[in-house]
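One structure is given here, and the rest of the page talks about it.
By letter and in written order, the chains are A, B, C and D; residue numbering begins at 1 in each of them.
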Amino acid sequence: MSILYFIPAQWLPLIESGFYALIFPGFVTILLLAFFIIWFERKAAARVQMRYGPLWVSRKTGGLIQLLADMIRFSFQEFIVPEGVDFLPFIFLPGFLLAFAVLPTIFIPIGPDYARIFPSSYTLLLASAFTLVIPIYLIVVGWAADNKFSFIGALREGYLLISYEVPYLLVIASAFLLYRTLDLVKIVNIQAASVPGIILNPVAAIVYLLVVIRSTGRVPYDIVEADSELIFGPYTEYSSLMFGFVMGVPYIELYGYSLLFATLFLGGWIPLTGAGFVGGLIIPGIVTFVKAVLVMCLLVFLRAVYPRYKLDKAIKTGWTWVLYLAFVSLLISAFVSYLI
Amino acid sequence: MLAETPHAQKLGLALGGSASVTEDQKAGLIEVRVEPKFLMDVSKKLKELGFDHCVSVTAVDYPRENYMDVIWHVSSYSNEELGNKLVSLTVRISRDEPRVGSLVGVWESSLFSERETHEMFGVEFEGHPDLRPLLLPEELLGKWPLRKDFILPKRRSDLFRKGGAQP
Amino acid sequence: MSNITTAPFTYESLSQLTMKEGVLELQVGPAHAGSGHMRILVWVEGDTVVKVDPDIGFVHRGVEKLSEDRLYVKAIPIVERPNLVDTVNANLGYIIALEKLLGLEAPPRAQYIRVITAEISRIISHLYGIAIYGIFMGSSTVFMWALADREPFIDIMEELTGARLTYSHIIPGGVRWDLPKDFGERLEVALKYLEGRVSDYEKIWMNNPVVRARAEGVGILSGAKATELGVVGPNLRASGVKCDVRKCAPYSVYSDFDFDVPTFKEGDSYARLLIRVEEIKQSISILRQALKNIPEGKIIYEDYYKRMTPLMKSIYDEKGRVKFTSLLTSLSPPKGQSFSRVEGGRGEIFFYLISDGTKNPYRFRVVTPSFRNLPYFTHVMPGHKLADVPVIYGSIDYFPPEADRR
Amino acid sequence: MVQEEGSVYFGNLDEIAKKAGQFIKKNRLASKVINWGYTYSLWPAYLVTACCGTELAAASGPRFDLERLGFLSYGNPRQSNIVLIDGTLTIKMAKVVRTVWEQMPEPKWVIAMGACVLDGGIFWNSYSTVLARDILPVDIYVPGCPPRPEALARGIMMLKEKIKKGEKSLNQPTSISENKEMREVGNVG
């Protein structure tokens, strides 16, 4: 507390929210986590495939800093702007993508004392709204790159976006119906009083995970990138640092979705709770964070098991089974919320 | 070695007088030689007999005698008895004007092989639907690499025109 | 998905198609993760493939011309190179054609060794095909697993011949090395391992719901159409046509063995995957029979053995190793022609030789299975979705260097 | 001073890039760190030229696992930095290889695998093959027909040494349209 003594009292909320947005669980954590999760993905897949995966770059840590080497390489490579691209969108959209992938995390509380930093009772709505912006940018990226494969990738993204957005919104609606609030802090408090949401409404959790796999392009729904069909779809023409950005976006997006999943269905910071910046935000935050990372690891691990799904079947599944399940989850929510 | 075996006789009877049928017993190959004008009839009859697919189309170049043999090797999947036979349908054409009817209409399986024989030997298959080059790069088109007068370098030193093999 | 109707294949000019509104021309390859060493021109209308035109020849090195330029024996490595995954069968086919020309036959032990190596090579080839199928469908795990399971067999062949892939083990009149002493036990260990792995594949790969959703009912080629197009090998048998050269026109000592020719009547991509696994099982059984029944005796043609120099004879008696004699390098078969048909891993390999009595072949013709499977691109792919292109490509186990070999 | 189109948004990008490049060249620590990054992030473009590709596949497979070294086959020339010529270059393929090379961002390297691209191998007098040195500035040759995966791994280690020292290939062939020798290849007959 001695350091805080020298800081004017009116600055404290600013510093707190700055720490929240920039260090934990914001920007720096996200970058480190992206490094970790890509490493985990390669390493876990290698484990299943009877290999080592990245290793020699730092043998003691099992190649943990492989992504650092890749990032350095990307940063200092030549940035090629091919002839015929739409210059401004091509240049700026990766930055936008990155920014909008990070934004949802700001609205997701990781501790009970979050209302001090972002006093809003519509956080669920805001977070899900910002996560849904990214696919639109992806479509623009695919169009701007002036490449047939990018174009087809963008079209695929468009088709999938529409077919999986409806179930997603239904799941959000069923969460609203279940907890009768859009404030994520209250939602976690309700779960603390009863049981975690995944038990209250397992169908909603399943549909949510399906949508997450789809919109972050995890296997088996990596239809948009599809390296053996479209050579990374919308990202085909990007080189150097820009590709580093767009490569990181799905993982950061995944982080946002997983945090939301942790608060909506896994009970967030349960069993910890408290007050103040450290006791009410950082320490419970670690619990939420760990839950989110576990969800991420699970989703990323699917790469080792499944091949790629097919576009028309994915759309068909989206409009039939996923949609039916979403409606079922709505009914379950109505029923459960009537009970509690 | 070329002999009128029972197989060959049977086949010769079936094909009529337009083809001369012999069996190379050592090779186990039934040779059917036809004049270019009877090619279509004979091939259709062969297909009726059960030789339903074409294994290979090729040509053999004889520059000294100034002719070329175009050979279709055909066999059968559907007829088990014919499955272990291989029939070579041979047409002798002039080297100066290598023209022969295409058999894609009879055996669709000869499509790519005929395209290849066209670019390698310069044999013009009349009635072939699609005689674009298949394997060769633009630089080699029209040079007919598999003809006998296309001679490869005999010594390695011929290749290093600029001298010095190291970069 | 069984209601896919294959669009009729027409040879309309390409310009007409590209001019048509709403049709997009895609060049898949040669520098593309889903093409291999070839270019596939794909015209799509919406997401549906309208027409496919394979542009091959990127690995065309003139194997036929070069072989006509070399001695008979020196053509062996050239024949092997295009079929690098399945070298033994290519080698075997060429040698059978050459032996027919020369009018000699290898002793039984050599024939058995040839069959053993050929079957190992078939297993290696099928595993490679499964691996490529896996990576084209986006599953790196199956790619890695299949590549890993090739390695024990490559090791065994390496112990026998000293090379990983290019063995040049079969020579006119016999084979170059006799089997090492513990060959049988080592092979048995590898076969047991493979049997266990095959059931693993069935668990994670063949019964994977996503694989079934993508492969079943995709790329159907009926038996009648397959016969008409002249496709070969496992692809043909997956369409229900029971034709295996090992059975219908037996060569070497295959008539001594008791094995099935597995067929499927579906003719889709999934059947083409299953048939490779079934054939691996058959190969395992053939290998076991061969190891059990292999006769004792010479591994080189009797007459050639007699004409060896005393030094070579002593090496042969001691190590079971045939040194390259001057006899082999100066082979000049009598005038005539010969052919051979061999069932390689991907299908029937056809050799046709014409000798004019000199030391070089006058005409050397080889038709490899991948070349004959080209109609899959032009006839089967149109009418499917764009995402089905790599699935069909992977399922036919197409190996471009093999198709372009001439 | 007349502002060029485009510099309104970015300032003078070329100038900035030049200065940054000079700084990196002069600063030994920076260049060391960057070269370290390059050595552990060698991604070859997915380009198979001939039959040595099977050994490349085996090399990336579980037994040899080149991903250990940070060597990951990647789909697209724009994101990769190595052209790995695996096997014979035919005239038809050489044009593609050159195109892929020109699509790649700097810095980039070339590994040529197999005897065929080194001096012709057993296809030395084929009518449709060319040597790698006529097409690309080759950094490392990996001989063998086909080279064993271990040999490829050793080639990669040698390339790493080369990158650390900052060496460049001495051979700088001209672009394909100006390469007369390649045009003449068909004329051997």
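Everything below uses one rule, namely that a residue touches a chain if its C-beta (ideal position, glycine included) is under 8 Å from a C-beta of that chain, and two chains touch if they have at least 3 such contacts.
Bear in mind the structure is a predicted one, so any value in this text is a computation, not a measurement.
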Item checked: Comparison of A-C and B-D by number of C-beta pairs in contact, larger one -> A-C
Note to self: Counting only Cα atoms for the centres, state how far subunit A is from subunit C in Å.
What the structure shows: 46
Note to self: Report the inter-centroid distance (CA atoms only) between subunit A and subunit B in whole Å.
What the structure shows: 62
Notebook entry, point to check: If you average the Cα atoms of subunit B and of subunit D to get two centres, how far apart are those centres in Å?
Noted result: 42
Next item on the list: Mind checking the centre-to-centre distance between subunit A and subunit D? Centres are C-alpha means, answer in whole Å.
Entry: 36
Check: What residues in subunit B touch two or more of the other chains?
Finding: 136-137, 145, 150, 152
Check: Considering subunit D alone, which of its residues make contact with at least two other chains?
Finding: 61-62, 75, 90, 92, 125-128
Margin query: If I count partner chains per residue in subunit A, which residues reach a count of at least 2?
Written below: 49-51, 227-228, 231
Margin query: Following the definition at the start, I'd like every touching pair of chains, please.
Written below: A-C, A-D, B-C, B-D, C-D
Check: For subunit B, which residues are in contact with subunit D within the complex?
Finding: 136-137, 139-140, 143, 145, 149-154, 156, 158-159, 161-162, 165, 167
Note to self: Per the contact definition, I'd like the list of subunit A residues that touch subunit C in the complex.
What the structure shows: 45, 48-51, 148-149, 152, 219-220, 222-223, 226-229, 231, 303-313
Note to self: Show me the residue ranges of subunit D that touch subunit C in the complex, using the header's touch definition.
What the structure shows: 45-55, 57-58, 61-63, 75, 77, 87-88, 90, 92-93, 96, 99-100, 122-123, 125-129, 145-146, 148
Item checked: In the complex with subunit B, residue positions of subunit D that touch it -> 90-92, 95, 119-120, 124-128, 133, 137-138, 169-171, 181, 183, 185-186, 188-189
Notebook entry, point to check: For the complex, which residues does subunit C have touching subunit B?
Noted result: 11, 56-57, 60, 62, 64-66, 69, 100, 103, 227-231, 236, 241, 243, 248-249, 336-339, 341, 348, 350, 352, 354, 362-363, 365, 367, 371-372, 374-375, 404, 406
